[in-house]
Structure formats: C-alpha cells, structure tokens
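The following pair of complexes shares a single chain, chain A, combined with chain B in the former and chain C in the latter.
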Partner chain A sequence: MDNIHVLIVDDEEDLAKTIAERLEIRGIHTQTASDGDKALNLIKSQPPDVVVLDLMMPGIGGLGILKQINLLENKIPVILLTGYGSRERSIEGMNLGAFDYVLKPCNLDDLIIKIQEAIKIK
Partner chain B sequence: MNEKDIKFIGKITAGVTHELNNVLASIREISGLMTDILSITDEKSFPRKEKFQTSLGKIQNQVQRGVKLTSQLNKFSHLTDNYKNDIDLNELLEHLIFLTERFARIKNVALQNQSINQTITINTDPLRLQMALFNCISYLLNQTVIGGEISISPEKKGKECLVSITYKGEGINKLSIFKDSTSSDELLSLKSTMENLNGVYELDASNTAVIIKIQSNK
Partner chain C sequence: MKTIKFQEFITKYIFRIPEEGTSPERYKALRRNIIILMILVTVIPLSLMATINYYQYQKNLRDEIISPMNLLTNKTKRSFELFLEERLSTVRFIASAYSYQELSDPIILNHILSVLKREFDGFVDLGLISSKGKLLNYAGPYSFLDKDYSQQSWYHKVLINGRYISDVFLGYREFPHIAIAVQNLTEPNCCWILRTTINTKKFDDLIAMLELDPECDAFLINKEGILQTNSKFYGKVLEPCQLKIPNGGQGTYVIESQDKNGREIFIAYSYLVEPEYTLVVVKPSSLILKTWFTFRTEIFFIYIASVLLIVLLVYKLTDAQVSHIKKADEKRERAFRELEHSQKLSSIGRLAAGVAHEINNPLAIINQKAGLMSDLIENTPDFNKKQKFIELTEAIIKSTERCSTITHRLLGFARRMDIEYEDLGVNDVLREVISFLEKEALHRNIKIELHLDENLPRVSSDRGQLQQVFLNILSNAFAAVTDNGNIIIRTWDEDSEKVGISFEDDGCGMSQKDLANIFEPFFTTKKGYGTGLGLPITYGIIQKMGGSIKVKSKLGEGSMFTIYILKMPKKVLDV
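Up next, the complex of A and B:
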C-alpha cells in the first residue's frame, strides 16, 4: 500500500488527523484538509489517489467539493463520510458520482477496503 | 405544544446527536490509534501493556454503546420531521423497545416484540404513535410491583391496525390493575393522543393488556 495517497477532508480536525495517522501506520500516505478551499488546493497541487470526504462541512460543504472535483480533468474517486441525517445527501453524492460512502464512526478496515476498491476501478 | 414547538425540539436534538456522533467518532479513532501504537510497541519498553490494551478495548465498547444510543436518539428526533408518514410498524416497535428498555429494566420487566414476519405499513403520525405506545407500557410498568414480561403484538385487521401491549407475570394484581384507570396520568395522556391519531384504546383486565386501535390508511 506504499504508493497509495489519500486526502482526508473533514472539519473535525482531530478526527481527520487521527484517521490519517492510523492509515499511515498501515502504509498509506495521507494528507488532511479541514475545509473546501484547502482541500481543492491540495487536490490541484498534489492530486491524491482517493479523497475521503465528510459530507457535513461548513462553507460549500462536501457536495460542493465533490462537484468541484468532478470538474477536474483527472477523475479522482471520492468516498463520502456520512453521519446521521445525511442519508439524502449521501444518495445525492452517489448520484453525483461518488465512489461509495461509509458511516461515521467508520471501521478503519472497511475504509481501507473501499480505498483499495476505488483505486482498482480508477 | 404545537407542531412548530415539536419540530424545534426535533431539530435541536438531531443537531446535537450529529455532533455527539462526531465526538464518539473521534474517541473511537484516538483510542484506535493508541491500540495501533501499542500493538507495534515492545512489551519490555511498555510496562503494563496488557492492562492498557484491555482498557482501550473497554473504551471502544463504550463508544459502540454510545453510538447505538445517539443513533436511536437521532432516529427519534426525526419522528418530528413529518406530521404524517408511511410507517413500518415492526420497525417502529423495535425502536420503541430500545427507547423504553431502560424504564422496564428498573422494574425488572422484560420487553418482547411479538411482531410477525408480515410487514405492516400504516400512514399516521409517528411521534404520537410512539407516545401512545409508550404510555401503554408506562401504565403497565406503573402497575407492576416487580418482574414479569410485557409483550407488544401488532396485528392488521382489514383497514384497522391493533397493537396489544400485554403483561405476563406475577407482578400485577389482575383484580386491581384497572381500578384507578380514569385518574391515571398515562391513560389520560393516552386518551388525548389516541384522539389525535383518530384511534381508540381499550383495557383488557382479564389479559392484563392495553390495546390500541388505529386506521392504517393503507
């Protein structure tokens, strides 16, 4: 998994950084962003293989970021992180082309499987 | 309380449970990271490693418990979203039992969902239906000295839907169970709730049961 690069986008910085550290222990390279602007800048400057994206965020929100990612020339698979009451948004996200979604709090092994599947399809 | 007040409570509760879920997710990941680090740390360089691993496991278990509770509370808060909705009655009863279990446990009473495999869909006010069923259970629990079982059985008869809440055990004196029923807070509340649902309730003293009847509208 040494060559996998994942960007985790969540306004809950502690959560994003901790998931990142756990993925790093498992050999996955990570970056984190806590808002849409930071995320889009990182995606453009250092395109990741997969984006793990929280749906409920201030500003343009997860769906807004997803729409921006869709406009990029090189498609990057997006896995949505969803909480309670986000079911409709998850469906909307899937309709917008997200690869998959996981419920918060997510099982790390499940997330890694989805990351690997996303890369295979990419 | 009017519909706007109820929706306000629902919205605030839903928002708080969403935030609580983020807190639990963070605790889960932080304790998971500590477990990861411990698993790659030499036993000799970390005294009482096993004790830490056991404690981290306990934190994870409590997080799971918290996630289940907040998830059910969030689900409850969304009952206020729509005044009328198509409801899967079996699912609603499962949810009711989860929310009511704590009250039953205090009286050492077990709650049993006797739902049949057949799906029963009704179109009604989900919040008021939960409230009516909760009042039935509360009434029986208040009559119970201690111990026994309360079973909840849904049934569809044509356009009508019946839910029987029945006490089984030695904790209730069948002769006195419904003696003061007219002054019971739970039954007064049940009566007005059933009126709002366009339904009725009945007391069945011989079977120690409260039965509610509403139109399924389906």
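Up next, the complex of A and C:
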C-alpha cells in the first residue's frame, strides 16, 4: 500500500475529498482535483500511479481528460467512476483505454482492489 | 307542429353509429347501415326498372294486339258496309231505271232477277209492292203474290225513309236472309216499293275472310243484341248474343272483358250505320297473353334472382368491408395505445433518470462520508458507545446502498442496458432464478412445479435480462400466492422462431381493470411495498428482445404469464 499515489478527479469536491481521506487512512497518498485543468496540471507536475476519474463533469468532461492522459508519454492507468445512467460513456471510456470502472456510489474496498490491480498491471 | 326533416331522420335513425371506440355495436350499426344503403341504392333502381319494363311491355303488347284487331275489325266493317251499300244501290238503280209498268211485267222482273243473280251474289227474289202494301209482282222461288205488307213495321220505315235494310231473318228455306226495300219517288203520285231478299251467305264469307284462329270468334249483332250471323261460342243466328256489347258510338273500339265461361277476352266492335249492326270480333286474352305470361315469369325470376344476388353480394361485401374497417380500427387503436404507452414510458423514464442521476451524487457523498465516519471510529480507541456508532454508520451505508439499488433500477428502466447476446439454455436460467428464490419457497411452503422441455433448443439471448424477467414475474407470483400455494413453470418449443415459457400461479389473480394497467410504470397492487416498475421493465426487456408477453388472470383464481422468446435475435435495437 505504501507509496501509492492516487489522483481523484471529481467535480463534487466533497465526494473527492472524502474518498481521498478514506484512502489516506488506508495509507494511500491521495490528491484531488475538481476540474480537468487542475487534474492535468497535477498529473504533469506530480504524476500519480492511478487516476480515479469521474465521467460526468463540466468542461471537457471525464472523457476529455481521459484522452489527454492517453496523450502522455508514460501511461497512467485510469479507473472510471460512473453513474449507472452513463453506462454508454463508461463503455466508450473503456474503449479509450481506461483500466476499469466503478459504479457510483462505490464501495471503497472495491475501489482499493481495483487500484491495486491497476498498479500490478503497471 | 314539428316535422322531422328527411335528413334528420336519416342521421337520427339510420346513420346513428355509436361514437366511442371499437364496440361491437358500432360495427353492427355500421354494417346495418351500409347494407341498408347499398340494398336501397341497388334494389330501388332495379325495382323501378322492372316495374317500368313490366308496364311498358304490357302496354306494347296490348297495343300490338289492339291495333291489328282494331284495324281488322274496321276493315271488315267497311266490307260489310260496302256490300250492303252495293246491294242497296243496285236495288235503287233498278227502282229508278225501270218504270212501274216494266216492273209490273213478270217477264221483265224475272229477267232483272236473273241478271241480278248472275252479276251479284246473294239476290234471292225481287218483288214490287204497291203504295198500299200489296205485293203486285214477284220474281223468285216463292209465290207471295197479293200478300199484304201494309201492317209490317219495315213497310212503314220504307215509307218514312224511302229505303230499308232489314235485320236478318230466316226465310222460307230456313236460310238467313236480309231484305232490302226501296221506295220509288221518281214517278209522282205513284210511290211503289221494290223489295229484294238477299242471302246472307256473303256475311259468312266476309267473316271467313278475317282468317281467325280457332279460339277466336267474329259475328254481327243487331241493335237488340240478336245475332245476325252464326257465332262459334256465343249462339246461333237469330239467338240473343251471350256477350254484352256496349251500345252506341261510332268507329271501332277494343275492350277487355270476360265471357260467360270466364274466358278473358278482347272484344273489338264496330258499328255499322245502316243497318244498325255491330260487328264483333272476339279474341281470347290467353292466346295473346301467353307471351305476356312468359315475359312476366321471366322478368319476375330475373328480378328475384337479381335481388337475391345483390343481397348476398351486399352482405358478403359489407361483411368483408366492415371487418376490414374493424381490423384497421383495432390496428390503429393498438398502435395508438402502444405509442401512448411507449411515450409514457419514455417520458417517465426520462424523469426517473433525471431524478435518479441527481440523487446519485449526494447519495455517493453520504455513502463516502458514512464510510469515512466508520473508518474514523474504527481507528479511534474505545470510547463510549463506540459499538453503537459503528452500527449506526453501517446502517447509513446499507441505506445508501439500498437507495442506490433503487436509483439504478430507475436508471435501468430509463435506459435499459444493451442486450448482450449469448448462447444459453432457458431452462438453466430458470433454474438459477428458482434457486435464488428457493429459500423463500421453502419458508412459505410454496410448491414450484417444473414442466421443462428438456429438449428445448438453446437460444441466443441476454442472460442478465432473462434473469431479471424471470425474477420479476416469479416475484409477482410469490407475492400473489398464499403460503402453501402452487406455481407451475413450463417451457416448450413454440415454433421455428420462438420458445415459450409460462408461469402459472393459483394466487389472488387480478381484475380486468388491473390487468389493463400492469405494464404501466408505477402501477402497483402491492400497496406500500411495490415500486410499480417490475412488470414495465419486464415488458420493456421482452419487447426489446423481440419477444412477446401475454397475461391471463382471473380474480381469486390465479394468473398466468406466458413469454415468447426469439431463438435468434431479429435485430439489435439501439439503446
């Protein structure tokens, strides 16, 4: 669990921060970003091991960010955070190379398992 | 005073079609009206034509009979007149050409008679009568010399008119004769009379010239209705005629009558002026009307056959037409209802999706916050009521999970997941679902009877969707039956395209009213705990997979859901 860096991107800051705090409790270093620009800046300045990305966001949206991440030199696995209703979008996201997806509201343990899997693959 | 106008009457009583929907009364009325109208429109002109034809033909036939009869009678009458005229002229000529002295001479009188007999038909004798009525000279087969005629009526008529043609009488030889008498007025103060008797054989000849059919008759009668010639059917000469002929008038007439034997006859009659005879020609109508009866029978049968044909045709056509309309109406109604239903579903779906989506985020936050709370509590050393707090946060998390199931369902209802086709056995899916419900069945002692077709072909379908469909229907069945109830599940190979699955329960059943609503979203009979989404989702899934679902239910007796699933998907519908 040590030295895992996770970036949580969600426009619901409250949600992002809560998840971050819970992950911190479990010893996972976590940062949060509430929009695409901040997220991409953080990814460039302090590349995380895994990005947890909400798909429903204003601006360029989750898929936009995902495309940007894909453009980066060193691949960062992305776990999509999706609502049930945006299933098509999550499928599109998976096609764009996302590692996996988690349905909102998510079970934290599931999320952690998926984060660990993502790192293992990496 | 109120009068119903024709149009009003029509619309009120004939065109009155019940307005609403596809009720059988409406089609009955429609059918009745079309039939009435069509029959009226066709039968009225037909009847009119038949009637007009009937009368026209009758008239033509009558004219065809009457005019020749008229003509013939008239012609014959003229022949009679001519004959009599000729004879009268001859007698008058003799009376003028010869003097009293000459005529008194028996030799000359005999000579004249012999010339007359040679040149003209029918002269029998010739007599010279004095102004006192005494026969002075006579030439002929009988000897009436010195006979006194002064008391006889014809004698007086001659004195008045100067001439006289008698009715027919039987002479001494028992042959019918007529007498012609002419008064001579050329010699003053000496008005003697020349009288001749003429055999009426010529009358018979003239009648024979008519060339009548054996059933026909022709004869002469005098003013008193005494026959002047023999009649075939109505008496001998000098007997009263047994047929009543109207008196008076001039010219020729044709009347229809009945003789004493009840024969329908046409009578043509024509009056002669001098003597006052009536020529009568009789033709039985039966002879004439034979063609008429044939025609009438023909026209009658043609008419009846036509009407029958029309009625039959109208019935058949109208039946076909009305059932066609009915089908079209039903189809339209169904399409409309389906459209309405799907529109309702989709608008409710959108609303539900919107609500679910909006709720999902705060729900996620609550979930995470509660999670964080439980994390923090667990990482905190023991404190008062720590266990209680752990339980509370767990309860909150459980509740948010329950909420999320609901929102997922709502979203699922709005946008059903893509169907992922795989090769599967319907029986296996059924068993999986049943195993899921086994505990409840055991607990409530519900007997699930399986009649599964083990040779059921495998189908290409979506396992998850099918599970949901079966689960929804079975959940409803479980809710419907009482403890110790029965549920029977059957599967069978319906046809080359579909397999059938039925779920039968002996539960509470549904009323017709409820049955009409079960696929409506948010309609539920399970007051308090139903979402009203189970069957609409089921319906949606089945529709989307190209299958169909049927429900039979009777209140208090149970329900039966029958599902047909395509063996191979026809087309994949987009979400």
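Going forward, the second predicted complex is superposed on the first by the 122 of 122 C-alpha atoms of A that agree within 3 Å, B and C clash if a C-alpha of one lies under 4 Å from a C-alpha of the other, contacts with A are read in each partner's own complex, and residues count from 1 in each chain.
Throughout what follows, a contact is a pair of C-beta atoms (placed from the backbone, for glycine too) under 8 Å apart; a residue touches a chain by one contact, two chains touch by 3 or more.
If you're wondering where the values come from, they're calculated on a predicted model, not measured in any experiment.
Chemist: After superposition on the shared chain, which partner residues are touched by A:L15: those of chain B (first), chain C (second), both, or neither?
Modeler: In the superposition, A:L15 contacts both chain B and chain C.
Chemist: Examine A:H29 and indicate which partner it touches, taking first as chain B and second as chain C; both and neither are also allowed.
Modeler: Once the two structures are laid over each other on A, A:H29 reaches no partner at all.
Chemist: Mind sorting out which residues of chain A both chain B and chain C touch, each in its own complex?
Modeler: The answer is residues 12, 14-15, 18-19, 21-22, 25, 83-85, 104-106, 108 of chain A.
Chemist: Contact residues on chain B for chain A in the complex?
Modeler: The touching residues are 14, 17-18, 21-22, 24-26, 28-30, 32-33, 36-37, 40, 63, 67, 70-71, 74, 78.
Chemist: Residue numbers of chain A touching chain C in their complex, please.
Modeler: 12, 14-15, 18-19, 21-22, 25-26, 83-85, 87-88, 103-106, 108
Chemist: Which residues, counting only chain C, touch chain A once they are in their complex?
Modeler: Per the stated touch rule, the residues are 353, 356-357, 360-361, 363-369, 371-372, 375-376, 379, 400-401, 404, 407-408, 411-412, 414-415, 417, 575.
Chemist: Could you list, by residue number, the parts of chain A that touch chain B in their complex?
Modeler: Touch list, chain A to chain B: 12, 14-15, 18-19, 21-22, 25, 56, 83-85, 104-106, 108.
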